[in-house]
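The letters A, B, C and D name the chains in turn, as written, and every chain counts its residues from 1.
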Amino acid sequence: MFEDGSIFNQLLVERLNYFIYVVLLLIGLWAMIAKNNLIKKLIGMSIFQTAIILFYVSIGVKEGATIPIYLPEHDPHGSHAQLDSNQTELLSHGAKVLEASAVPNYTNPLPHVLMLTAIVVGVATLGLALSVCLRIYRGYGTVEEDELLEKLEREDSRKSGGSNKRRPRRRTPANKGGPAGQSKRGQTTEKTKSDKPTPRRRQASKSRTKTNGPAKEQAKSSNRENDKPKPVKRRRPARKPKEDKS
Amino acid sequence: MNDPVIVEDIRPLIALLAPWAGMIGIIWAGEKRANLREMFTFIAASVQAAVVLSLVPIILSGAVVEFHIWQIFSHVPMLLRVDGPGLLFACVASVLWIATTLYAVGYMRGLHEHAQTRFYSFFALSLSATMGVAFSANLLTIYFFYEMLSVSTFPLVTHMQDKQARTGGRTYLGYLLFTSLCLLLPALSWCYVWLDGGNMTMDFMADVGKVGHFGETTQIVLLFLFTFGFAKAGLMPAHSWLPGAMVAPTPVSALLHAVAVVKVGVFCVYRVYADVFGPEVLAKMGGEEWAMVIASATIIISSLIALSQDNLKRRLAFSTIGQLGYIVLGAAIATDRGQGGAVLHIAMHACGKITLFFCAGAIFVASGKKYVSELRGIGRKMPLTMGAFMIGSLSVIGLPPLGGFISKWYLALGALDRDAMWVVVVLLISSLLNVFYLLPVAVTAFFRTPETEKDSSLKEAPWPCVVPLLLTAFGCFLLFFWSDTLLQMVGLQP
Amino acid sequence: MSDSIVWIVLFPLFGAVACALGGAMSKKICYPVSVLSMLATVWVSVDTLFQAIESPVHEVSYILGGWSLDLFPRGVGIEFRADLLGALIALVVTGVGLIVALYSKVPVQRETPGKEPMYYGLFLLQISGLAGIALTGDAFNLYVLIEVAALTGYGLIALGTNRAAAATFNYIILGTIGASFYLLGVGYLYLKTGTLNMVGIREVIEAHGLFDSPAMQVAFVLVLLGILIKMAFFPFHAWLPNAYCHAPTTTSCLLAPLVTKVMIYVMIRMVLTVFGVEFSFESTWWTEFLPWLVVVAIVCAAVMALAQREIKRMLAYLIVAEVGYMVGGVWIYNYYGLIGSVFHIISDACMTLCLFLGAGIILEKCKTTHFNGLRGLFAKMPLTMIGFFIGGFSIIGLPPTCGFFSKWYLITGGMVSERWEYMITLMFSTMVMVVLFFRLIERIHLAVDESGNNLGKGHGDLGLTKQQTRFDEAPLSMLIPLLLAASVVLLVGVYNQEVVNQIEVFLQPFNLPTGVKYE
Amino acid sequence: MKKAAFILVLCIGLLLAWAAKDFPSWGDPQSPASSSPVASHFIANTGVDTEVPNMVTAVLADYRGFDTMFETVVVFIAGLAVFSILRGGPKNRTRDREFVVDFEPDLIVTNTVRLIVPVIQIFALYVLAHGHVSPGGGFQGGVAMGASFILIALSWDLKTALARFPIERCFTVAALGIVIYAGIGLLSLFLGGEFLDYAHLAKIFPVSPEMARYHAMLGVEIGVGFTVTAIMFALYASLSTDGRMRDGL
């Protein structure tokens, strides 16, 4: 159906934009499917959506055309609108239909509009997904998928009272710290016990990935000493070294 | 039936809804007011029987009663139609329901059964479904009521709510729903699309013999699907739900597994053979040979198994399977007298077999005995019961002057009409086997001396148990002497 | 009224805004506000349906923004088109929404205390989005509405426990992939046809004969893939079970009946209206094999449902199997199959609603939906059980519930186009459903545990205390919706002809193959 | 698993690449998208229909105004969902303290911000109001406005920002924005047109139908601006504090 030469020729020469969007899309998709860290999945999601946006925008491209805003000579309120001074807006309707020769001068506005929508939807989805991540982290103390799944399985088996066919009853006491399965639960239990230190670290790191600016700014400013301690606010030396790393 | 007079009448619907009304009353009365509750059952049963019997003269005058309930599909209505065979079946079921109710009162109270409200209400439901099957006018309607019966009898079969009940219920539903959903449904939708291409009324009167338009193989496949789809007919190898369902209380076994359920099955098969395929198509398609063969095999094998059963109810169950085989055989013979005999046998066998079941139940209530070998000399203690048992078994065997004789006679005649001698031979052999597995029970009961006299306290079961079985035993005689009416109904006599 | 079609979307929208604004003052008003707005919505959608039935062309077209077709080229403005299919689906969506809104009083207060304004806001916006999906006639507007429905869905699920939030994440990832694929496909369509209006797209395809163009083929693949992911078709079903069985009760009652079904509606819409029958069935060789995919899907989903020991999870897998039914009904490509799957959208919405309402009540009263906690429920809450099992019988396909009739048409379709594999699969899954629900009945009705040991002392003793078997029915605000849903299941079954007639009217113009040999 | 995913992704990539050879070449004026009657109608008649020089704004807020309304609704949904998902977490003080910021607002930063925030907000208003004739519009303006509040939260702390824009007011404002948008559409519905048919507003405002569309678009954009501003800030506030609304990050 297609032999490589032709397809690559067509892709890389006259349809480079489509090629780029395909590559971006694949990167995003791969990240969404295969990455283990939930935040990385979300990054992949953003790349994915950006790729689609690129595709749409490149539909709108038109040779020798300018942005879809009327040049002064076509502007309804521009030079050609015969709007003499004593006439009020009530009557003035000076705009004329663009003559066909002028139409090719403007790119097609529709893709841009559509992509405005897509961007907004992307933002909304990202925000929602991030909040879900926070919630997951609040509940399970991790944003790594495998650890999360492990904990979820354990929780489900505990909830379904062990009499679940897929999971024999014996395991339920084991989860409560019996000898069995101790090795696997070693680090996770201590993580759930010492819930306090870990969340902060992850919190900070996640918020950095989320909004890069604020984290840095704060990192800078959090280094400086303040000598009149407020009752509410409490200094946390534990925070310093980690912030220095950033 | 060449275009008979059609009478619009709501009575079939009343017969259908009477049990529902009864059920509402039953639930309202509840466990607290037991007498009131059973009175409601009686009322429902008598109303139903009265309505059904009131239809008899119309049918005898050669007319057909119809009632249109609602339109299922654009072409297929939910249509009730009362014709001879249907009415005969309906009469048997509704009249025997009265007897069974009386018997059930005695039985359930005698054994202090639990959840009797549930029992009576679902009992009423299943009777309503039976009426529906008897009165339905097309394949889809009959299918609806068939499924309704399967589901509404499940709580009765699993009445004991213990492990055996679970096993029995599983076999019961497994067989019935599997066959009806996986064999029947395709056959139905095949008929819906292609029977009488386009106008898709799967009507019994309008579409007789339209199957003839299909190819040979299609006809055979359809016949197969229908015959085994209605697994309530208990044809081997789809029979084992019936012994399994014997875990139910005896009234249930009596009515549902000697009268309603199994007879619904064979009645459906009869409908298919007589009113969907029609005798001539059946005769010329050549598919009915193996139907007859299967039926005969069922008769012989089940009789042989029955010989080996010591549990009385199981023995009766296998005997039932054999008797159902007669009916399917008669329907498959595809001659008027054969099919008429089949319908007659529904009535005759029902009367005889319910007597036997009543007796088994009465024995269980009175003495708690389930096995034939325990019955030595019990006849002296319970002469009425065992006498009725004797009559019942003679009727089932088919000796004059008992009902069973007539139907077997017509079956044989039907077989001779299409000079299938071997069928007659099968009938004879099976009758012989009936003698072997039924008579010994009565003989043991009367003439063998009990090994111990310790159960001298043994006496007849309470009267609500005994009266019905005497009535039904008497009914066996009546059926013989009133057989003209029945013959008229099934159109064997002008 | 003439513009009731747009009110179907606007009433819930304003209801949501009212909840968000008024909820700040008092949380009490949210429940009545949402019920009232749902009532109004149902009313206008019934009105729309009748407009569509009465109109000569059997559809109501409404151009938003006044860019009417006779003054402007098609596709300048966004068009709302309620043909009979769309109007029916919109009615189903709003009806289910109303019932669930009635039902939501108790569980919402228990499960998401203090969040009622947001919850009802999202709830109503979900309805608005789904109804919009059923009505819009513009491919890109469909995407926006899909996202509205999806985002509200994520929110509604994640509002619950942490477990629910964890379950939501997969849903978000897969849902976004699906929606984005759809968006990409629409982009291809726009690239090749230069319009976004559904009818416009088909006109261009048929005018320019774009049947074999690779871009269109890929667009078809992408759109289909996206929709299949969104409707949890078997290989892509991973998000559904967890999301539905850990979501708050009301959420699962709302999403389970609607989301997957509406997506199937979108698929039918794409196949019939956007790409057209000729493109979808004749010029794509690979759609031949979709029924086989369906077979795999149904079998796997049914088997997985068998493995479950928890009602809500079992129901979730049932939904996956049912999705297989409907997809298969479309792709066996004949008249009866399509009638079947359209009717099955409606009936499955009703019966799934019924089942999930029942499961919600069980969860509310027994604090668990695990099989072990169910014994003696017939004695405890008979009405609930009756409602629940009417839904169950409908899933099995016992007459006269609506499930029987949809399954009837599907089987007939499979037979007409001689897709025996599909037919046999339907039989198989029917048997699985029988096992599922009668096993449930056994667990509730019999005094026997799973391994078959008697628990009671015989004679119907369930081995329970008087306390456990005392009559203790659910609160009316939950019971009445359940019985309402159950009666709807029965009514839709009894009067299926009325519905099917409308579907037939809708399907007439596409002249699909009917296998009937007239003599 | 990963291998399977990789193969899947690769297949999709090949599919898309294969489709790409059927596309019109880049920037081809004759491509169906650019030469379709819809596109040329937008280009040729926007001025006549709506008097708006910026076609994108016209298409966004008028031709496809319904899309944009639901776009706004999507933003609103995101705000609602994030806020309600995150709020009401476990109430223990130690967790709360992790979110306490332990530094003084920096002098230089705060003063700089004090200087530039008004500028940002003025510019946001300009972008919003000038969206008809130049690139811009409700979303852009709204985002800029929201960013100004976020900047306050970053340079001082969230409490300071919340003091200026309380979280409850965020949702009131957001809902208000939707009310404005849908309300304008509804008004035109009540005036006898279709929903969002701004031209009918000319019946009550002393302008020509085209100018009615022109001004209605401004109103709509303002509504969008409200919602986006409020929700952007609400998102930041919720996410940065794990829903606690204490001083964040």
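Here is the rule we go by: a contact is a pair of C-beta atoms (placed from the backbone, for glycine too) under 8 Å apart; a residue touches a chain by one contact, two chains touch by 3 or more.
None of the values given here were measured: they were computed from a predicted structure.
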{"item": "Lowest number of touching-chain links that must be crossed from subunit A to subunit D", "value": "1"}
{"item": "Chain pair, most C-beta pairs within the contact cut-off", "value": "A-D"}
{"item": "Chain at maximum distance from subunit B, centres defined as averaged CA atoms", "value": "D"}
{"item": "Distance between chain centroids, defined by C-alpha means - subunit B, subunit C (Å)", "value": "43"}
{"item": "Centroid spacing, where centroids are CA-atom means, of subunit A and subunit C in whole angstrom", "value": "29"}
{"item": "Between subunit B and subunit D, centroid-to-centroid distance (C-alpha), Å", "value": "74"}
{"item": "Whole-Å gap between the CA centroids of subunit C and subunit D", "value": "31"}
{"item": "Residues of subunit D engaged with two or more neighbouring chains", "value": "16, 18, 21, 23, 31, 33-34, 38-39, 42, 64, 67, 71, 74, 77-78, 81, 85"}
{"item": "Multi-chain contact sites of subunit C, meaning residues that touch two or more partners", "value": "140, 144, 147, 151, 154-155, 158, 165, 190-191, 196"}
{"item": "Touching pairs among all chains present in the structure", "value": "A-C, A-D, B-C, C-D"}
{"item": "Interfacial residue positions of subunit B with respect to subunit C in the complex", "value": "70-74, 112-115, 143-144, 147-148, 151, 154-155, 158-163, 165-166, 169-170, 173, 177-178, 181-182, 185-186, 189-190, 192-194, 196-198, 213"}
{"item": "Partner subunit D, residues of subunit C touching it in the complex", "value": "3, 6, 10, 13-14, 17, 20-21, 24, 62-67, 72-78, 112, 114-115, 118-119, 121-122, 125, 128-129, 132, 140-141, 144-145, 147-148, 151-152, 154-155, 158-159, 165, 188, 190-196, 204, 213-215, 217-219, 221"}
{"item": "Touching residues (chain side subunit D, partner subunit A) in the complex", "value": "1-2, 5-6, 8-10, 12-13, 16-18, 20-21, 23, 25-29, 31, 33-34, 38-40, 42-48, 51-56, 58-60, 64, 67-68, 71, 74-75, 77-78, 81-82, 85-86, 89-90, 94-95, 97-106, 109, 133-135, 139, 150, 153-155, 206-208, 210-211, 235-236, 238-240, 242-243, 247, 249"}
{"item": "Parts of subunit D lying in touch with subunit C, wherever the complex brings them together", "value": "15-16, 18-19, 21-24, 31-39, 41-42, 62-67, 70-71, 73-74, 76-78, 80-81, 83-85, 87-88, 168, 171-172, 174-176, 178-179, 182, 186, 188-189, 193-200"}
{"item": "Of subunit A, residues touching subunit D in the complex", "value": "1-2, 6-7, 10-11, 14-19, 22-23, 25-26, 29-30, 33-34, 58-65, 67-70, 74-78, 89-93, 95-98, 100, 102-104, 106-113, 116-117, 120-121, 123-125, 127-128, 130-132, 134-135, 138, 196, 199-200, 203-204, 207, 210-211, 213-215, 217-218, 221-222, 224, 226, 232-236, 239"}
